[in-house]
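Labels run A, B and C following the written order; every chain starts at residue 1.
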Amino acid sequence: MKTLLTVSNVTKVYETGKRKVIGVHNVSFDIRQGEFVSVIGPSGCGKSTLLRCIAGFERINGGSIHLNGRKVKRPEPNRFMVFQGLDQLFPWLTLKENIIFAMRVVDKGQGNFGERAEHYLELVGLQGFGDFYPYQLSGGMKQRASIARALSVKPQLLLMDEPFGSLDAFTRRAVHEMLLQVWKKTGVTIIFVTHDLEEAVDLSDKILIFSKGRLKGQIDNKLSRPRERVDSSYRSFLLKISGFLDSEGSDSLDSKELSAAEAKLAF
Amino acid sequence: MRDFVSKLAFILVLAIVWELIRLTGRYPALLFPGIGSIASALWMERVDLIGRTLFSLRIIGIGLVTAVSLAMLATFMSFGGKIFAEVISDLMAIMHPLPGIAILPVAILWFGIGVRAILFVIVFSALWPLINHFYTGFRSIPINQLEVGRNLGLTGWELALKVMLPASFPHILSGLRTGWARAWQASVAAELVFGAAGGQGGLGWYLYKKRFMMETPGVFAGMLIIVLIGIGVEYLIFAGIENRTVRKWKTIIN
Amino acid sequence: MFCIKRQRVVALLLLAVLVAASFISGCGQKTVQENQTANDDEQLMTIRVAKQFGLVYAPLMVAEKIDFFSKYGLKVEWLTLGSGGAVREAMASNELDAAFMGIPPYLIGWDKGLPAKIAAGYCVIPVSLVTYDENINTLEDFKAEHKIALPSPGSIQHILLSMALEKQLGDPNALDDNLVALPHPDGAQAMLAKKDVVAHFTTPPYLFEELEQPGYKVVLDGFDAFGQDFNFNVALVTESYHDSNPLGYAAFVQGLNDAMNWVNENKEETAKLLAPEFQIDEEKLLKYLTAEGVNYTTAPYGLMGFADFMQKAGYISKVPGSLSEIAWENILAQVGKREGGPCTLETIQWSK
């Protein structure tokens, strides 16, 4: 498969007052068309910053990012972001209107927006909820709707910044299922930022491990789908990654984050 | 509807109490006219009252549109640059507590005597609370919604109109409410301080004239109109907008 | 739901009763207070008088500084009120026993039933319409954009202007759209700023100050508009005070006469006494006090002269049938009633 995204030597420095903080340090990797890539690492390791750089929300201080050979300079709908917050839908529009709003802005011209909006709602399992306002929906439904809106502008790259971080475990299982189906049906390339190891193993083909603003490693996930957490191959793959995390970045992982990861492993 | 009925009942009760107090004869009839004479003043003066009301509403309308445009501009600009934001916030701190009517002397100095000075007082009175609410509104827009807008490729005025405006609408609406109230008060107060020129004057000027002619029923008729317009605008316009927008979206602020 | 509604109505009624009760009991207290004042009056009579500020009120200010009333057993409570409108309202609600105002504002009040009559004339002072516009020499020269400042609608200045307009242009309302109501000091300021306002109908000292400026001139003299002299103000005493306290009334009128006379006899001392109050120098004040046309007098002038015009122009609904409807007996006695045709004092109560 051909390369979609090229990240080469990207550095991002934040200035907070007089202090300079390095958010992302000399990071390079490629993502191929149709891949599902997870980026994991403890909070504050720069993984979200990297995603925001790819989206174009942040200016990078060094290196370059290319999508299909074109340099990334500003936010564009061909790289669309889904955030963690449950407030990303426009509250003054119904679900359908939210999607139509996005399509209208991107498409400019006319089109059968209503029908296409219904199609995307169906894709994420929200058929029949088109006339609901965001406040009438649960957290999981809001995130599904946000994904539907993102897909409606036909992005080449779907950027997901801990999109299910605010959901409970049961809801999360269901949206994982949905996301994988959407991925299969649309063939969209996904970069998925999370600090949940199992979520990364469940969903992605490739896992990028981040620590202290640096890319520590890339691990291909060749487990066959559907992936079951009780399978022995799943357990051993999980152990391999956590072992890698321990050896490569134990000092960089903050203790809270690590213990959360350990608790998950023990379960 | 029930709300309306109870309001009506309240007004009726007030009217009855008014008449009872009047009938005790404790207060001079000259200053405490009966409901009947107020009603007849309303009827006799209807042409003048309608003219004055339209005049008041027209200059308040012009004043509010000007103030809202300026407030929007100031708010956008204060988001555009740090220096602007500081200048505007300093100005706010100085000007916001100043009652609009207090700058009437300055207004007369700059704009002379007449409608333009009153207009200036109206704009001044409404401007600062409007900026305050608009600014708070813009500040309270969830960053995610802004970034979704940017992600769609919206920038500058397009982003402001399509995302920032509706997203901050709850604050904008409460700003408009305050602005309207301030503008309405300012127009009446300004005309009470210096009557506008003979031909042009609103309800404040009407009150002023009636008071000097000692036509107390006319004074009360004018006040009644002022109150009714206040209630009318609140219930017919603001409550209507509120029900169709922030109440429907459940983004109402209190 | 019905229950809630009924509760609401009951609550409203309760509120209404409470409000009514507080109003009525408030009145009761006031009656008690009035009785107490009446008791105090047995030791020393009091009268509540609206205090006013300005060159015209020099005798009043002197009367306050050198107490001219106590020797008659009267104590004056000087009250400061915001405007002529407020003075009239205070008299109507019996918060005030005596006040000074122009004949037209008084007639407007009298027409509406203000229970007060004239107890004394108060000064004859020039009142004139001043302009700085060289193209304006008569009332005909005013164009739509020329604004004329005067104190308030229904003021003596307003009526004088209307009278002159009727005489000269045949329409008392010809310049209504040019009028701007401004208190004297603001009007004077607007005149000096030369913005919008091109003419000001005013009284001393503003009149004198404006005329001192180069190019400022009189377009209309008040005495010309009226046809003869008239009291700039009259002293009013309420019916209730006049009827219930004849001695207090007599003392007030006599004290006023004394004060007026003292000013006429002692203008230099008056200037010395009042210069700090006006915050101008003594010399200038003396010049104003002795300016041509200024007459500190309590004699009645032109009391009946405004009424006919004001009724025709629609400011009042009726005209006093005789002087006795608007003036107390001491004025009536002063003017007299000559058999076989009016005497001089009778004729000067009318305009020409």
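One rule holds in what follows: a contact is a pair of C-beta atoms (placed from the backbone, for glycine too) under 8 Å apart; a residue touches a chain by one contact, two chains touch by 3 or more.
Keep in mind that what you see is a predicted model, and the values were worked out from it rather than measured.
**Q** Whose Cα centre is nearest the centre of all Cα atoms in view?
**A** B
**Q** Going by the average position of its CA atoms, which chain sits the greatest distance from chain A?
**A** Taking each chain's C-alpha mean as its centre, the farthest from chain A is C.
**Q** So, what's the distance in Å between the C-alpha centres of chain B and chain A?
**A** About 48 Å, centre to centre.
**Q** How many angstrom between the C-alpha centroids of chain C and chain B?
**A** The separation of the two C-alpha centroids amounts to 36 Å.
**Q** Taking the mean of the CA coordinates per chain, how far is chain A from chain C in Å?
**A** About 83 Å, centre to centre.
**Q** Going by the contact rule already set, what residues in chain B reach two or more other chains?
**A** There are none in chain B.
**Q** If we count contacts the way the header does, which residues on chain A are in touch with chain B in the complex?
**A** 55, 57, 75-77, 79-81, 83, 85, 87-88, 90-92, 101-102, 105-106, 133, 135, 149, 153
**Q** Can you name the residues of chain C that touch chain B in the complex?
**A** Against chain B, chain C makes touches at 1, 5, 8-9, 12-13, 15-16, 19-20, 23-24, 27, 84-85, 88-89, 92-94, 105, 108-109, 111-115, 147, 149, 152-155, 175-182, 186, 190, 193, 195-197, 315.
**Q** Sort out for me which residues of chain B touch chain A in the complex.
**A** It comes out as residues 142, 144-145, 147-148, 150-154, 162-163, 166-167, 169, 245, 248-251.
**Q** Which stretch or stretches of chain B touch chain C in the complex?
**A** 2, 5-6, 9-10, 13-14, 16-17, 20-21, 24, 26-31, 108-109, 112-114, 194-200, 208-209, 211-216
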